[in-house]
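Common to both upcoming complexes is subunit A, partnered first by subunit B, then by subunit C.
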Partner chain A sequence: MPSAALLGQSVLSGIFIGALYGLLGLGLSLSWGMLRQVNLAHFALAFLGGYLTYQLGVAKVDPFVTLALTVPAFFALGMALHWFLSRFAVTLLNTLLVTFGLTSIIEALIQWYWTADFHRMESAYAALRWKLGPLFVSLTDLITLGFAAALSLGMWGLLRFTDLGKAIRATTEDAPIAAAFGVNEKLLAYLLSGLAGAFAAIAGVCLALNHTLAPVQIYAWMGVVFAAVMMGGLGSPLGPLVAGVVIGVSEALTMALTAPTWAPLVSFSLLIGLLLLRPARF
Partner chain B sequence: MKGALALCAALFCALPFAGLPAFYESFLYLLLHAIVLATSWNLLSGYSGYFSFGHGAFFGIGVYTTAALAGRLGWPFLWTLPLAALAAAALGAGLGAVVFRVRALRGELFALLTLAITFVLATVALNTVDGGPGIQVMVDVPKITPTASGFLYLLMLGAAALTLWTAYAMAHSRFGTGLFAIRDDEDVAEVMGVPTYRFKLAAFAISCALAGLAGGIHAIFVSYVTVAETFSIALAVNVVLMSALGGTRHWLGPAVGAVAITVLLYAFTGGEAAVIGRALSGLILIIVIVAMPEGILGQILKRFRRRELPRSARKGSEVSVQITTRALGEPLLVVQGLTKAFKGVQALAGANLEVRRGEILGLVGPNGSGKSTLINLVSGHYRADGGSIRFEGRELAGIPAHRIARAGIARTYQIPRPFPQLTVLQNVALPPMFGQVVMDRAAAAREAWRWLEFTNLGDKANSYPGELNLHQRKFLELARALAARPKLIFLDEVLSGLTPLEMDGALRLIRAIREQGASVVFVEHVMRAVMELADRVVVLTYGRAIAAGMPLDVMRHPEVVSAYLGAAHV
Partner chain C sequence: MAVTRRRALAAAGAMLSTCALSPASFGQGGAQGKPMRIGSTLPLTGPLASLALIHKVTGEIYVENLNKRGGLLGRPVEWLLRDDQSRPELTRTLYEQLITADKVDLVQSPYATAAILAAMGVAQRYGKVLLHNSFGVPRLAKYDMQFQTAGVAFDPESVWPNLIFDAAAAAPKPPKTVAIVTSKFPSVHFISVGAREVLKKRGLQEVLHLEYEFGTRDYGAIANRVKEANPDFLWGGTNGIDPVLMLEAMRKIDYRPPAQAHLFPAPGPMLKMPEAQGSLALTNFEAHPPFTDDPGIAQFVRTYAERSREAGIPYNAADLQAAIAYAAWQVLEAAVTATKGTDDKAIAAWLKRSEVPVIFGRLKWNGPQNYVEGSDQYKVKQLQQGKWAVVWPSRWAAPGAKIA
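On to the complex of A and B.
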């Protein structure tokens, strides 16, 4: 049995990694639940954002300054993707395939420019760590958690309390009826897809701050994040974060208690269990 | 045709003895490998529409079965191949047995679930059999051919032949037809008598077995297996790409796509070019999905379809209908105390209904009175909360819809639900294959022609349902229900939306149906039709039958009047 400090540290790191799952899942969940698009390319976009952060970091640009560039750019990319998918009336299942094709293209692009090697960003933030009792906390982890919580809560507030949010929820329920009541559902769809793209850019910065980057890593995140999205409930703004943290902590504890190689089993066991026990959720 | 096929087979078999450079054997091996994987994937995913992203997992099970048994334990590797297939099939069937019970797990959820299975199996394999470093599989292959790669080529050739034969045989059988129907509309397929659960399970097991077999052979070919290389998502996606490119609706489509993609990727191997190859395959995937959903082969075959109208087959079968005239008027279907609630809305609150042999029963009632729910319960589409449904003395409540169809009950849908990607003829030929008397495909097609003539749809036999107008689609619904030769047929508002002229035709048709020996229950709002046709009328309101009897008597019944017009205030 590992010590209490080790378990505590495990739970803490689980929360932080779970926050990143939630952050990556937020954009996916919105486009899946509200636009009926399963956007696998979200991961590739996030990594593209991460690589851009890394590249500008090499040129001594602060990651937060990078955001000012990548967020609008990725907002536009998200809208462009939505234009393409709606222009050709791609069905839900086919969005999975089309965005997988897009993932391959972006992956190839990344590999061509940055090679297949691992890259790790050096930044001033990474050096900042604090000791809270027996536990260590790093600034980059807190930044990720902050972004994830702020965006999830912000999105929740937007959907819950504003007229815009009400219009979005109405469109999700029944787009033609919402349109008949004067909601510009096409514009809202572009707004949502743009937001999903922007979230990918922000997740990219967090990826670059906390993790090593390599083209193959794009696929490593897919399974877990999808598990978080599906567990959290499609289209739910807070669901991915909550489910992500649950998965993250379970994984971290599994790693501490058994071998690290067993960790991937946790999220999928949770997901499969949920699919079988509560299929009505989906 | 047969001669050409035999010559081809002989040529392919003779290849390893021709003394070609080993490169050709390896390349052809990889080509066949891709054909086996893509075609086997298609058996479940293309035929029944359940897109699996987990084909890499089942392939991987095969790889690791052979690697562990032949590489670690030193078993003779030819013996491990059937075990590799069996292990993969068992896993697929086990997974299917759980997943296919859940109605919601279709489409993208099934795709993502199978994707997840790949990760799960990779983790399990890494932590158990493999242990981390991978497994060396060095075995002596039988020295039948000059080179070892030649022997593996022959093995994979055998696997490819087996796979293609399976794909062909399935596509041209009841089994395949049932799967195609599942792809188009699973609920309707079940109501038409297709045992959907069993079919999906069998297709999944066969698909996995063939992937496992390919995996077993491949373990020897690569001679060193690792988890990362084996359980790859890339394989699963390539397989989807190949099948989509070639065409998922045809048994040969995936093989065409497999050849195209393998040749293409081969042109871009090594270093920089591999990256371009990956981007290119991504681009092709997007273009194929968006621009040619039917794939290369589908596109080509579409060109030819217009020209060949099988007029020769247009001979209605002379099979006479055995009219079971025994005891006209005895109760055929007895529904008692049937209840069904949808989240607090009590759609049926103890409905009673009796249908007698040989009668036309009109079922009327205001909107929301539970007429359609009643049909949905009797046909097995929904499960009743309580009450009993006895048909010819047998209890039907709670048994699967396909067995109800087999017992002799057919139905139409208020909004026609034809299988959109089957031709009109194929639509109508489906129920006879799964009805009371199971017919083979040829007999079913003859039967279908009979009912197409009966409903005047003969000219449209080779059209797709999307090309029909509403009136024709309603008649297609009728023809499809009749082709099952039911003892009892439920017609759910077949007349609504028809012009008066079309309605006259429909009324004649319904009378003719009874003359063929079936009892008819028809749900209708068009009172003229009800009064003209029905022997008896039953009125439903608020989920309960409030009156039953001769049409004129029932219509004067005070409760019926108030249900339709409200209470009198004079």
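On to the complex of A and C.
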């Protein structure tokens, strides 16, 4: 039987990786649920953000200072993507295809500049960790959890308590009626897509801090983050984080108690279970 | 007659010294006439692109030098290289095109097991000899005119674990307990299965056995379980970046295996990791003596360092991947020169009865399925003070290097 320390450490590992699932899923959930755009390029943008963080890290720029550059740039990229999709009136299913193509283009550009080889950002943050009883917590994991929680809660608060949030929710519910009440639904759509782009930039910093980068790994995150987004509820700011943590902890406990080879089944088994038990949710 | 290290290197050197890229060799020879067209694919894009780039740079160095020496049979060599995008189904199509549309004289190896299997089927259909250098599962190589040029044994699942455990037994603290953690990537998985059998026969105790899917993102739980098992020795059935990800996860929980081996790690990313120091891995060539005792090999190593840097490859020391790519071209040159033509059947018949000196030793194909059973050209290297150095067998060890 695994020890309490092993189980505890596995739960912690699951929470931290789940936070990254949630952070990656936040932008995807907002664009899918509120803009009716399944933006696969979100993952490519996150990795692009990671590579830019890495590159600036080579020039000794702190990853958090990098955000001052990448967040506004990716906000603009997000808006540009929305302009492109709405200009050509791309339907929901076709956004999947178009953004998949865009993902391939971004991947090719990343590979052209940084090559297909692995890159790992050297950072002073990676060396810091603390011991809480028998458990270990690293700073980079805490940073990811902090970002995920802050952005998810912040977005939830914005949508719940502010006039802007009410306008966004109204637009999502019924855009023509919201427009009739004076809501500028076009502007709000650009704002949302810009935010999704900015969230990708922040996710990119967390990827660079915690993981080794390779272009091909863009696709490795899609399945589990999609599952987190669907389980958490499309358009829900907190849903991907909660679902991501549930998936992360389930994967980690599966690996601790049985075999790591079963872990990839966890996310989609949970999703299928939810589909069967609560189909109305989807 | 036993082939000693010195004889093997002398033979390779005799061949390679004629390949020296010294200024005096530029412009000599002068290949003329109709080009001899050699076709192959490499995964220049996709998941395997980082390794393919090494093979591309090495192949270009070799072909350029070959043409400076007069080409093959006096004809300039033209290498038709296609991008198979790491997709075996595309490899098959491209080899069909190379043979039927481009009408190449000979074909060369693609990269990795799945692509080689795809190319092998096409080669068999058209009766082409196929030299290959990165086929991970020898028993699947059933085609009679296929020949491996990486120095792998027919039974690596026995040879490699014994080699690694021999090296571990020579360490200051030989292990008694072993944790086996392996990717399910086919060409390392079956080696790890073999390792489980070998360690039992050697009286070692297996304290943990874990398998994980290739492409696993998070190694936290794996690290936790290895720490809990507390082995003397971690057997990593790993390749590419997996060892780095695993060791990073172990760093987060303040754990480091007392001793470890990872089969085929990407050499560069591990260099700077304190947790990776002392790690063992497999190789057949490293850019240090005695391999570079020969001037020809030393020149190749210098040229590769320069060209790989220009190509943006992060790790510039010629090692296993560059060596197996180089050896494939050496064997092709030797076979065409010896048979004085490009007849595939004649080349295959010659290879089956011959030995060819290559950059890391001597190759022969007189065993089951054109392999050699029970031994091969592989060695064990160790990461010592930020550099990889061969430590076992000791006759191939870097000067002053001992297993630590």
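Quick note on the criterion: the second predicted complex is superposed on the first by the 282 of 282 C-alpha atoms of A that agree within 3 Å, B and C clash if a C-alpha of one lies under 4 Å from a C-alpha of the other, contacts with A are read in each partner's own complex, and residues count from 1 in each chain.
What we mean here is this: contacts are C-beta pairs under 8 Å (C-beta built on N, C-alpha and C of every residue); 3 or more make two chains touch, one makes a residue touch a chain.
Quantities reported herein were computed from a predicted structural model and do not represent experimental measurements.
After superposition on subunit A, the partners subunit B and subunit C are seen to clash.
In the superposition on chain A, no contact is made by A:F199 with either subunit B or subunit C.
In the superposed model, A:F47 lies in contact with neither subunit B nor subunit C. Shared-chain residue A:F147: touches no atom of subunit B or subunit C. Contacts of A:A259 after superposition: both subunit B and subunit C are touched.
By the touch criterion defined above, A:Q111 reaches both subunit B and subunit C.
Looking at the shared chain after the overlay, A:W221 reaches subunit C, while subunit B stays out of its contact range. In the superposed model, A:V98 lies in contact with subunit B only, and not with subunit C.
After overlaying the two complexes on the shared chain, residue contacts for A:F74 are found with neither subunit B nor subunit C.
The superposed model shows subunit C running into subunit B at a single listed stretch; among 92-100, 290-298 or 362-370 it is 92-100. Common to the subunit B-facing and subunit C-facing surfaces of subunit A are residues 108, 111, 259, 261, 264.
Of all residues in subunit A, those touching subunit C in their complex are 2-3, 5-6, 9-10, 12-14, 16-17, 108, 111, 115-120, 122, 129, 131, 136, 138, 141, 211-212, 214, 216-217, 220-221, 224, 248, 251-256, 259-261, 263-264.
The residues of subunit B lying in touch with subunit A in their complex are 51, 98-99, 102-105, 107-109, 111-113, 115-117, 119-120, 122-124, 126-127, 132, 233, 237, 240, 244, 272, 275-276, 278-279, 281-286, 289-290, 293.
Interface residues of subunit A, counted against subunit B in their complex, comprise 38, 88, 90, 92-94, 96-98, 100-105, 107-109, 111-112, 219, 222-223, 226-227, 230, 259, 261-262, 264-265, 268-269, 271-272, 275-276, 279-280, 282.
Residues 45-50, 53, 184, 210-213, 215-218, 220-222, 224-225, 227-228, 240-241, 244-245, 248-249, 252-254, 266, 268-269, 272, 312-314 of subunit C are the ones that touch subunit A when the two sit in their complex.
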